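I've put the structures underneath this note.
Shared chain: subunit A. Partners: subunit B in the first complex, subunit C in the second.
Now for the complex of A and B:
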């Protein structure tokens, strides 16, 4: 019964989404509000229907309904309730359903909140969001149905089908429970509870700016309305995508056991590419808002971001690429590829059509080489080049090589570490300079003057870094460029607060708070830049100065590494955890200058095979002693008798990556936070004053 | 790799790292001079060929593993020099001794980092935990002990498992295709940016826009001040 309810809701959601598309387009064409309203209602209905569908699956997971094939695949009787909940997105079918739920939530929120203010765009927004949603629900319904159940046929074969087959009998629930597979051990981590939902929120969130952009093209309302309507949505999606990437990095660091957080894996890159293009878009729309420029380019960027989202999803879910992060090979590859190609072609076609009609002309020309808009365009070029280079390394070259030269190649970290650093450096340089320039025009002299203090602070910091022992020119260049961007953000905030303090007589802290209240977007943006600076410092430190060694120790024996002393104290083999995994735990003590700092327990988690033809799965869980200076990160590589082999990494400044992430989140939340809306009479008064005071 | 030269406290490893490859190259040259392994050394190694080489006395000789094969008389020209170098490389051997072999696990991992597991999904060979990868790392150790350098070992893996085994293709065409293309993309992107910028500069403004800051015609400094003023005005 449970599965039937979920299936029915899924089917109804699909019908509602398809109906919404048809009604919205018909209503827009005939200027018939009744149809448009009906389309809105149908679009809003998809959310509760999908919510019920997802809840039903969750209930199935929590109540051990192993006849549902998905529940059998991702859980077993020993799976803790905590992981039963996260198993909702633990495999292809469940995660597709969850994806649909998140997308419908975004769509419903955007349609409701923008209904009055952007009424002209709404029919097309409904059509675009619902086309996308209907496609994904269709995949879930027809190809990867999470409500398929196991049946025993009269010939004793077992099948998994959505509808009850002729003569099919439900298998014994005891037998199903005994053979249930359980959640992939890689997914049994705290990071996996939040990481996938964040990533899905980021991915699906970009459907809103995309739908508004397409609505603007389709309706002919090519003013900045669509940008104003979607600026916050784009930032929210960007925030979630950033969170998803950070949590994914943390999960990799804790669970994958290779001492790092970013391996340039194609699936990681598939999420990073939309982030890069989305970041370019977030910057570029400011030019259109302020100067009425880059209309076509912004359209391309928003399409590029959404296209990268769909392509990334296709690459991860179709079996196109092999990765520890990807889903197993599935039959959704071809339809997803066709959908991606169709969305991209139709969108680009719309842009070309409007462009040919001369409706995407810019209202201003570029005034100077150092104007903020020029520097933003340069920043956009670098972001897009970076996205293209990463796309090439992850997908372009391997696919082309296989298709044309029939050779399977890998482009690993070596490729990305060669290609991306110059582009990242260029980005940080622009991040440092662009906020100091002004819209319209800036002279080199005034820009130079504004740079004096941040440059001086950077120079002082570099001297300190050299005195601390870093002399590598490459590292110093990296630190210098990254620090400059951070100091510019800090200095600009300080300048603003100081100017306000002079004007109002408030103290500096109060002045800074008032400043943030007046322009959250600008100063929230500076905090984001500060977060990116801190992340940059962490990345440089942990990439260039990581030290690793692998050594075998006897019990009681010690090794020294970078000032730390690690002593192997003993092994606790065969510990059995609540979920049935067997743990071999090595005990090591870490000390520095004769002072014991921590006892670490790096371990092997051995998950017994669930089928006779399978091998046990072994996870290598690290033990780490963390400080802001570095992480002492130990992996237990294996042991025999009284000896054990350890792989030890010293990861300098790695915690700055996580702290920088938190700062970035704080800055984005400040930027997104709604500004207090003045009452209508106050708005009118303010507008009158502004008009009177506006320059000619 | 340059960090080995930069980090404090690395001297104990730095010296062996420089000298050990020299030592290994010297021995390989000596073997060539003696006519051993004239084609054997260029023959790609596998556990099978290695065993054959050791047991039949042809092909690659495991001189570090098999001291009985070492004859001071026949190695006289280089032997003393080798002993001299060994004195300097003792720290490396002392460290390596912890890893139950002449070649340390760190040296093995350094090569394995350039390789990808031929059977696992996109996993670097130094990080992969499967038994197959443990065996491949042993294979790297054997090859290092036989005097092969990183490039030769990577080439051997590529010969056996295809280009996908290397982090970057070693075939010159594929390598160029892979590494040059992104720079070409970046140059094209920059050229498009510059071209667009120049075109935009020539283009007259089509219609007036209400600016939130002062117009482009204002003095340049005024723009910046006005923007800041707008942010701080009470």
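Now for the complex of A and C:
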């Protein structure tokens, strides 16, 4: 019964989404509000329907309903309730349903909140969001149904089907529970628990700016209305995507046991590419808002971001690419590719149509090479170049080589390590300079003057870094460029706060707080830049100066590395955890200058096989002593008798990557936070006072 | 008349603006081309330096001379019984079997590969690496490395996919077996 309820809701959501598309387009064409309203109601209805559908699956997971094939595949009787909950997105079918739920939530919120203010765009916004939603629900319903159940046929074979097959009987619940698979151990980590939902929120969130942009093109309302309506949506999507990427990195660092957090894996790159194009878009829309420029470019960027989201999803979920992160091979590859191609072609076609009609002309020309708009465009170009280079390395070269040369060529980490650093450096330089230039035109002299203090601070910092022992020219160049961007963000915030203090007499802290309250977008943006700076320092330190060693130690024996002393204290084998895994825990103490700092417990988690023909799955869980200076990261390679072997990494500044991420999130939240709006009568009075007091 | 004078003046200004705009456009065009050239250079040189043939075990073993010393990427099915792990020196050795290129079901292809007595086999050696958790029987190994004169494939980068990740949509026949 449970599965039938979920299935019915999923089917109804699909019908509602399809109906919403037809009614919205018909209503827009006939200028018939009744149809548009009906389309809105149908679109809003998809959310509760999908919510019920997802809740049903969740209830199935929590109540051990193993006849539902998905529940059987991602949980078993020993799976803790917490992981049963997260198993909702632990595999293809559940995560597709979850994806649909998140997308419908975004769509419902955007439609409700913009219904009155952007009424003209709404029919098309409904049509675009619901086309996308209907497509994904369709995948879930027809190809990757999470409510398929196991049946035993008269010939004793087992099938998994949505509808009851002829002669099929339900397997015994006890046998189902005995054989259930359980959640992939790799997914049992805090980062992995919230990493996928964050990524899905980021991915699906970009549907909203895309739908508004397409609505603007379709309706002909090519003012900045669509940008104003979607700025926050784009930032929210960007925030979640950033969070998803950071958590994914943290998961890799903690669970995959190779001492790193980013391996230029195609699936990682598939999530990073929309982030890069989305970041370009977030910057670029400011130029259209302020100067009425880059109308076409912004359209291309928003299409590019959404297109990258769909392509990334296709690449990850279709089995197209080989990656430790990708889903199993699936039938959804071809429809997803066709959907991606259709969305991209239709969108570009709409732009070309409006362009030919002369409706996307810019209102101003570029005033000078150092104007803020020019530097923003340069920043955009570099972001897009980075995205294109990463796309080429991850997908372009392998696919093209197979099509043209009939051979598979892949590009490894060396490609990314050679191509991306110069482009990242260019981005940091632009991040430092652009905020100092003015809209319209800036002279080299005034820009130079504004740079004096940040440059001086950077120079002093570099001297300190050299005195601390870093002499590598490449590292110093990297640190210098990254620090400059950070100091510009800090200095500009300080200048704003100081100016406000002079004006109001408040202390500097109060003035800074007021500054953030008055212009959240600008100063929140500076905090984001500061976060990116801190991440940059962490990436340079942990990439260029990682030290590793390996050694076999007797109990009581020590090794020295980079000022640390690690002593092997003993082994606790065969510890049984609540979820049934067996842990072999090595105990090591870490000390420095004779002072004991921590006892680490690197371990092997052994997950017993769930089927007779399977091996147990062993995971290496690292132990780490973390400071801002570095991580002392220990992997237990194995032990026997009184000896154990360890692999140890010193990862300098790696924690700055996570701290920088937190700063970035804080800055984005500040930027997104709604500004208090005065009631209409107060606005009117305020405007009257301003007009009366305005200089002649 | 006043209008004519205004129009003339405006026309003159417009010509000057247009000339300066054109000059400005050239600057942007040259700048844009330079950026494009720099990015193209980075991508092309990166591609030339970083390209690896992604081949099968069959390809590599049948053309050892052609690939000798070259960094290549190979995919194979891990044979569990052959896995040897020297934990003191962090050396992993195992044998992989050729996986059929055309397969709709990778789990079945991996299973077939390790059980096919005629499948081409290749010995693999990985140094300086803790044994990865996914290195087990019937896992798919995607390895980057070089084929040595010793007849062993020396791996510098090892990625693995656990076979259990490929059976998500396949019903398990054990469900139908009587309870033990």
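The rule we apply is simple: the second predicted complex is superposed on the first by the 677 of 696 C-alpha atoms of A that agree within 3 Å, B and C clash if a C-alpha of one lies under 4 Å from a C-alpha of the other, contacts with A are read in each partner's own complex, and residues count from 1 in each chain.
In the analysis below, a residue touches a chain if its C-beta (ideal position, glycine included) is under 8 Å from a C-beta of that chain, and two chains touch if they have at least 3 such contacts.
All values reported here derive from a predicted model rather than from experimental measurement.
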item: Superposed partners subunit B and subunit C on subunit A - clash or fit; value: clash
item: Partner chain in contact with A:589 - subunit B first, subunit C second, else both or neither; value: neither
item: Partner chain in contact with A:179 - subunit B first, subunit C second, else both or neither; value: second
item: Touched partner set for A:37, first subunit B, second subunit C, both or neither; value: neither
item: First (subunit B), second (subunit C), both or neither touched by A:73; value: second
item: Partner chain in contact with A:171 - subunit B first, subunit C second, else both or neither; value: second
item: Partner chain in contact with A:469 - subunit B first, subunit C second, else both or neither; value: first
item: Partner chain(s) touched by A:409 [first = subunit B, second = subunit C, both, neither]; value: both
item: First (subunit B), second (subunit C), both or neither touched by A:160; value: second
item: Greater residue coverage of subunit A in the superposed arrangement, subunit B or subunit C; value: B
item: Touched partner set for A:296, first subunit B, second subunit C, both or neither; value: neither
item: Overlapping segment of subunit B (options 63-71, 171-179 or 225-233) - the one that collides with subunit C in the superposed model; value: 171-179
item: Shared subunit A surface residues [contacts with subunit B and with subunit C]; value: 257, 322-324, 365-366, 368-369, 374, 378, 381-382, 385, 388-389, 392-393, 397, 407-415, 418-419, 423, 550, 552, 618, 620, 645, 647
item: Residue ranges of subunit A touching subunit B (in the complex, touch as defined); value: 256-259, 263, 265-266, 290-293, 321-324, 326, 361-369, 371, 374, 377-378, 380-382, 384-385, 388-389, 392-393, 396-397, 400-401, 405, 407-415, 418-419, 423, 436-443, 446, 450, 469-472, 474-475, 495-496, 499-500, 503-504, 514-515, 518-519, 522-523, 544-545, 547-553, 559, 562-563, 618, 620, 645, 647, 694-695
item: Residues on subunit A engaged by subunit C in the complex (per definition of touch); value: 69, 72-73, 91-92, 150, 152, 156-160, 171-172, 174-176, 178-179, 181, 184-186, 257, 319, 322-324, 328-330, 365-366, 368-369, 374, 378, 381-382, 385, 388-389, 392-393, 397-398, 407-416, 418-419, 422-423, 550, 552, 611-612, 614-615, 617-620, 635, 637-640, 643, 645, 647
item: Touching residues on subunit C, where the partner in the complex is subunit A; value: 21, 24, 27-28, 31-32, 35, 38-39, 42-43, 45-47, 49-55, 71, 73, 75, 80, 85, 87-88, 90, 104-106, 128, 130-134, 136-137, 140, 142, 144, 157, 159-162, 164-180
item: Subunit A-facing residues of subunit B, complex; value: 2-3, 6-9, 95, 98-100, 104-106, 109, 114, 116, 121-124, 126-127, 129, 162-169, 171, 173-174, 177-179, 181-183, 185-186, 189-190, 192-193, 196-197, 200-216, 218, 220-221, 223-224, 226-229, 231-234
